[in-house]
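The two complexes that follow have subunit A in common; it is paired with subunit B in the first and with subunit C in the second.
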Partner chain A sequence: MKEQKKKKRRKSYRKPVKWPFLLLMMTVFQIICALQIHMNGTQEKTTTLVVVFAVYITVEWVYFLVCGGFLHRKSFEIELIAFFLTGIGLTLTTSVYPDKAYTQLAAVMLGILVFSVMLWILGDINRVTKLRMPVAILAVLALAVTLVIGTDINGAKNWIILGDGVLSIQTSELVKVAFVFVGAATLEYLQSTRSLTKYILFAGVCIGCLFLMRDFGTALIFFFTFIVMAFLRSGDIKTLFLICATAVLGGAGVLTFKPHVAKRFETYRHVWENATGSGYQQVQLLIYSVSGGLFGLGIGNGKLRYVYAATEDLAFGMVCEEFGIIIAMTVLLTFVSLVVYSIRYARAARSSFYSIAALAASSLLLFQAALHVFGVTDLLPWTGVTLPFISRGGSSMMCCWGLAAFIKAIDVHTYKRYDKIGQS
Partner chain B sequence: MKTLSRRAWLLYIPAVAFLAGLCILFYTFYTNADNWSMRKANRHLYTSGTLIAAGNITDETGAILAKTADGKRQYNESRSIRTATLHVVGDAQGFIATGVQTSYKDELTGYTFANGIYDIKKYGKGNDLQLAVNAELCAEAYKALGNNKGTVGVMNYRTGQLVCVTSKPAYDIQNRPSQDIANDKTGEYEGVYLNRFFSGVYTPGSTFKVITSASAIDNIADIDTQKLKCTGAHTIDGGSVKCLGKHGTLGFERALNVSCNSFFAQVALQLGTEKLTATTDALGFNQNFTVGKIRLAKSTFDLSAASKLDLGWAGIGQYTTLVNPCHMLMIVGAIANGGTSVQPYLVKSITNQTGKTVLEAKTEAGLQMFSASTAKKLQELLRSNVENYYGDSKFRKLEMCGKTGTAEVSTDEGGDKPHAWFVGFSQRKDLPYAIVVVVENGGGGSSVAIPVANKTMQKVAELYGK
Partner chain C sequence: MDAFLTQFDYLVRYVLTAFAVFILLRCVFSLFRLRPRREVMATLTNLADDSEIEIENWETSIGRSRSCDIALRKYNTVSRFHAVLALRKEGWFIFDTESKTGVYVNGEQIRRSQQIADGDTIAFGNAVMKFHSNGYGVDSENTEGGEVTDFTNAARLVNLADNSAFYLRTSCLIGRGRHCNICLPMRGIEDEHAEIYMSRDGWMVADLHTQSGTYLNGELVFGAYALYDGDIISVGEYSFMFRE
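What follows is the complex of A and B.
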């Protein structure tokens, strides 16, 4: 009886959503966005506007038609969410920074490419195991190089700028994908304590580098992801508490002995008193977020767009003001749904690697969204992290799509040849 | 795998925490939306600190007091009207806190949490707001104050409509003399941003005798037949309450006519602390009142540490007692209205961008301040004051009832002149209007405040009389 009930429930949540209808609705939404930009004249070059949206919508449809029609995939929840969020980000960039529309489009294409490549890599667990070490080494190297030759932007030295600013890479974003990859792959075959020690060492080095770069937001994200993965593997809450306590104490120590670090957080809960100084961006965000109301002012009608880093650090406010608080809340709910999706699919995953990777990736995205939204609205200290998929930026776009691949891979139906095994 | 999926369930904790955070965020947005959106940094509504997205402000006749045109806030064409209505209209920068441009800025812009400032962008302006005041009447009252500081308020005591609210000093809003105000040493601009009618408090002086009288009517059975002696002062416990005249032996009505301090000090002593305090409590002393969204300064009456001599002084409106002019107008209005006060209103209606009326002032009953019989008796006494003492010639054809006050504010010889008060109302059926006049350091109530009241009330008769 009980078993039957369980089976029934499992069946019900595996039922894939009907993607053609949703995709059509999403396309309509994106066309409306494009039309609004056109009518507002915020993107002066009509060709740019048409090309960006035409390419994006085409890629969307091609992806769905190839995967749905040719590869016979059935569930598309992750892609629908990713395309929906990316579309909002693309709309904002096209409208706010007309010159950067093509760059952002290229970033999105790269992101989708990363997603596809990652899905292919994740399809073979042996490949994953083989790649584990090289990826770990590359990740540490990338961070180390950034530490040495990196450029300081907004107080965090986490950018590598090549060729006079032609190409700028935020290595910490790329390492996020590697972090989840290495973590899940290491913990998959946990034969010896040695491999666990190696992973803890890897995590420690990564987080340490980020700390030295003064990129505290990303360091926190890594730490949180590390905790999630360590817990999933060991189930040992006591040790985790110990780690957290040590981290908190360590953080408190840093804040005490390095006053310049504490200074970064001194506007926390005091943004209105510093409305023209250090709290300027946040105050602007709050004012314009509520100015948009529940339904938004429409794309191009906002004022937050004129504030520095509007589509990056303040992306949430941009969505609030121009798309409305309802859509902004919906955007945030999608991050919750990614975590719920991963939890629900964890049991049916092909191996614990997929479960851990998906759970870690979705928690990472949720945690980052939380830091972004609650930080910029002054409910938590502001760390200046981006809003996944929506904030402008190539590195972060690739990172988000890369992480989405982990979540996608948890569903056995992603890899068709395992379907038969699963059924038998 | 089983253990792993069980552990995965623990990730619902961060998911739920995130949802809780979203609820908190939404709640924070919802509760702070009005405050945040109205900040001067909001360039949807403000241009260099000036509220431009507000709708029109008109007086009761529909005359424009403020509007936005060509991206600038513009005001009435007449300088005297601009100056006289400065404090009720307020400024777009928010210096005058009780002005409707500040206290009603949410309504004026038409901001709502659901629509944000969308309608303002769509229509290019906010909601229109019609005031209860008559601009011409305000200008007349302002002029009547002459060179003195002070305030005049006139209210329809049946409906609560404040037809006149003016406060002096003021300035022409079209060119605020910010330098003069900042460097003012003569006191010419003292409290210029304050609407004295709503935010001022003054020693009531003899106008308080109306309240002492009310208490006497309620609590002293033989007050009408009592004859008390005035020798120019009344001695209490070694000190004395001085009187402006030597009135000899006189009764209640005559004592109020001539405003005999000795008489009322003795009445106060007969009443005692408790009963006098009970009367002031019923009138709303030590209570917060609001006129729409505007908060009145609190009138205070406190005898908790008073000696007998202090009680005597309190009975004639001195001691520590302070009264807000608008509150005093409500009290006088209640007497005229048969004991029940009406809630005064300053904003007559608010109309949104599509022409729909979103707020309409209604007549609301306020405190039951006096019993009907007490109110009637007070009406007779106040009518007697004008008829038998000030003279109807001072208020031609107005059938006024009233009481003057000369509130001492300095204990030194040659110190500041007293505040001159007049409170009263017309008994004409077609003129249900009550008035309060305060002239700061103006001198005697009958010589200074009565002419101001007369000029204002004559204009009221001209505007509303039949």
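What follows is the complex of A and C.
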């Protein structure tokens, strides 16, 4: 009996997800969220609430109907995860910042567009090879332009604001996608060039620009991604140690000779001593995320929402307080599982480009999530990076969906043209 | 009404948590549902000693270095990183990665890359190999009236004994009879033993009321079962892996 049960379980475990069922569950989840927002009255305009959720749910269904029903794609796990996390973010934004709901919805749609376009680009390896150089130049140019005309918000000069604040872009987020795109390469390219010089130069320029903008969180993420990619490209531990040692020495040097940089991190490990000053946000987060308990207080019942930047820099706390720690931990587990998935699939990928890109993209997401969570909980210096997919922000949303496309592309089954005969 | 709303507000958090955990974990488990198995996609036969090298990756590096996938350590005319053999959309390609002695396909030196076909002879320095593609990347344009088909990811049965692949079209009969698509002249297998066919829900396997039965992943098949990538179908002493 037990044996049979075990077998049954193993069998159901082996089946791929059926998207209509899970999508239906997801829709119910989002409708319940919308209902709760409505009942708590945190979003006063009912039309906004209805429009935002109706449009988002429609987009989900259209995407899955087109890809599943029309294009006959088979695996949908990555999209389901991305749509679900984005839905949580959208719920929080709609509830906490009622007037910014439409902006966030537009950002989400752009993100999904980026995802679809990226998937199309990644379909053909020749196209990818041709595009690498222009993308690298564009990325460096974008960062350089930001450095010149960027606007300083919250101590980091990484925003380009166009048309009196109608459109604000955080270029460093968009460059993340380009960084992964340029860093990955096909095996024959890796084997004919063999040295990392060009890539180190490109990464150095990017990270240097970010440092000059004083966007240390993103600089750290870029550096980590760079280490991952450099290792995947060369397998050369010695050079990597050298680079790490240089970076640590450089960082220590900057902290000693430029005290104003060190000042940004002075509350690290001392938030409770500055509970009303510079450590205010983190202290509030630590208190309120605990008060959420296992199952959360329900959307709209939390207190953390009144703290500045609640759905951006403190998004993890918001999830903890209003959705509960179980959901928050499951979300983090999902980021870990994306990395494990990329590692497992790396050998079966169509080209080393896909393996490197997927692994770099998933570890970038994981590292960013870790930096966010450990930053706000004061285990690491707080750098104000966003929680992928959940935090509010247009550029960051597009970046996350763009990176998800890399993870999706590692699976050969993503592209129908590789199993044409199955239909005939 | 008020009481209902309070109850709703109270209960909804458990419902949301249950839904969220179910959706996310279902997706995560589904991501890991099978280890991406690899098959022999092509073989290189070393003409010097007739030894076969099996190629299981889409991209394979060839060279004298230990870190190459195919390490030709005994040949001193092979560069450390000599060439890359890659399967692309159009078929198999060989790339010369700036080797000293060059890569020759059928006796002619290639410049940077060249498409290769089944049966071509490829020389890396003084290591000479014959290339056989195992049904992958084969362009059947010439044989099937202009229809371009790529077998790379098609639904197929892989015989686990010798790794040979049988490509599935609409339905496939397995049995002892000569008219069967896969003919297995063995005792214990009936004339028409099992059928694999395409239904609305994807590929299915059906046992055709046999004595010895058909097994799917070690489980006896009653009626028809759905097939998923990596499933193992056993008929008599034979085992096939279903791939799609």
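Points to keep in mind about this one:
Quick note on the criterion: the second predicted complex is superposed on the first by the 394 of 424 C-alpha atoms of A that agree within 3 Å, B and C clash if a C-alpha of one lies under 4 Å from a C-alpha of the other, contacts with A are read in each partner's own complex, and residues count from 1 in each chain.
We take it that a contact is a pair of C-beta atoms (placed from the backbone, for glycine too) under 8 Å apart; a residue touches a chain by one contact, two chains touch by 3 or more.
The model shown is predicted, which means the values in this text are computed figures rather than measured ones.
When both complexes are overlaid on chain A, the residue A:340 reaches subunit B and subunit C alike.
In the superposition on chain A, contact of A:28 is made with subunit C only, not with subunit B.
When the two complexes are overlaid on their common chain A, residue A:133 makes contact with neither subunit B nor subunit C.
Once chain A of one complex is fitted onto chain A of the other, the partner contacts of A:291 are limited to subunit B, with no touch recorded for subunit C. By the document's definition of touching, both partners, subunit B and subunit C, reach A:235.
Of the two partner chains placed by the overlay, only subunit B lies in contact with A:373; subunit C stays clear of it. When the two structures are aligned on the shared chain, A:412 is found in touch with subunit C, with no touch to subunit B.
A simple residue count on subunit A separates subunit B from subunit C, and the partner touching more is C. In the superposed model, A:352 lies in contact with both subunit B and subunit C.
Comparing the two interfaces of subunit A, the one with subunit B and the one with subunit C have residues 235, 294-297, 324, 333, 340, 347, 349, 351-352 in common.
Those residues of subunit B that touch subunit A in the shared complex are 1-5, 7-12, 14-15, 18-19, 21-22, 24-26, 28-29, 32-33, 36-37, 39, 41-44, 111-118, 121. Partner subunit A is touched in their complex by these residues of subunit C: 5, 8-9, 12-17, 19-38, 57-61, 63, 67, 81, 84, 86-89, 95, 97-98, 113, 148-155, 167-170, 217, 219, 228, 230, 244. Of all residues in subunit A, only 7, 11, 13-17, 22, 25-26, 28-29, 32-33, 35-36, 39, 75, 77-78, 80-81, 84, 88, 124-126, 186-188, 191-192, 194, 235, 294-298, 323-324, 326-327, 330-331, 333-334, 337-338, 340-341, 344-345, 347-352, 412-413, 417-422, 424 touch subunit C in the complex they form.
Subunit A makes touch with subunit B in their complex at residues 228, 231-232, 235, 275, 283-284, 286-297, 301, 303, 321, 324-325, 329, 332-333, 335-336, 339-340, 342-343, 346-347, 349, 351-352, 355-356, 359, 363, 366-367, 369-370, 373-374, 377, 379.
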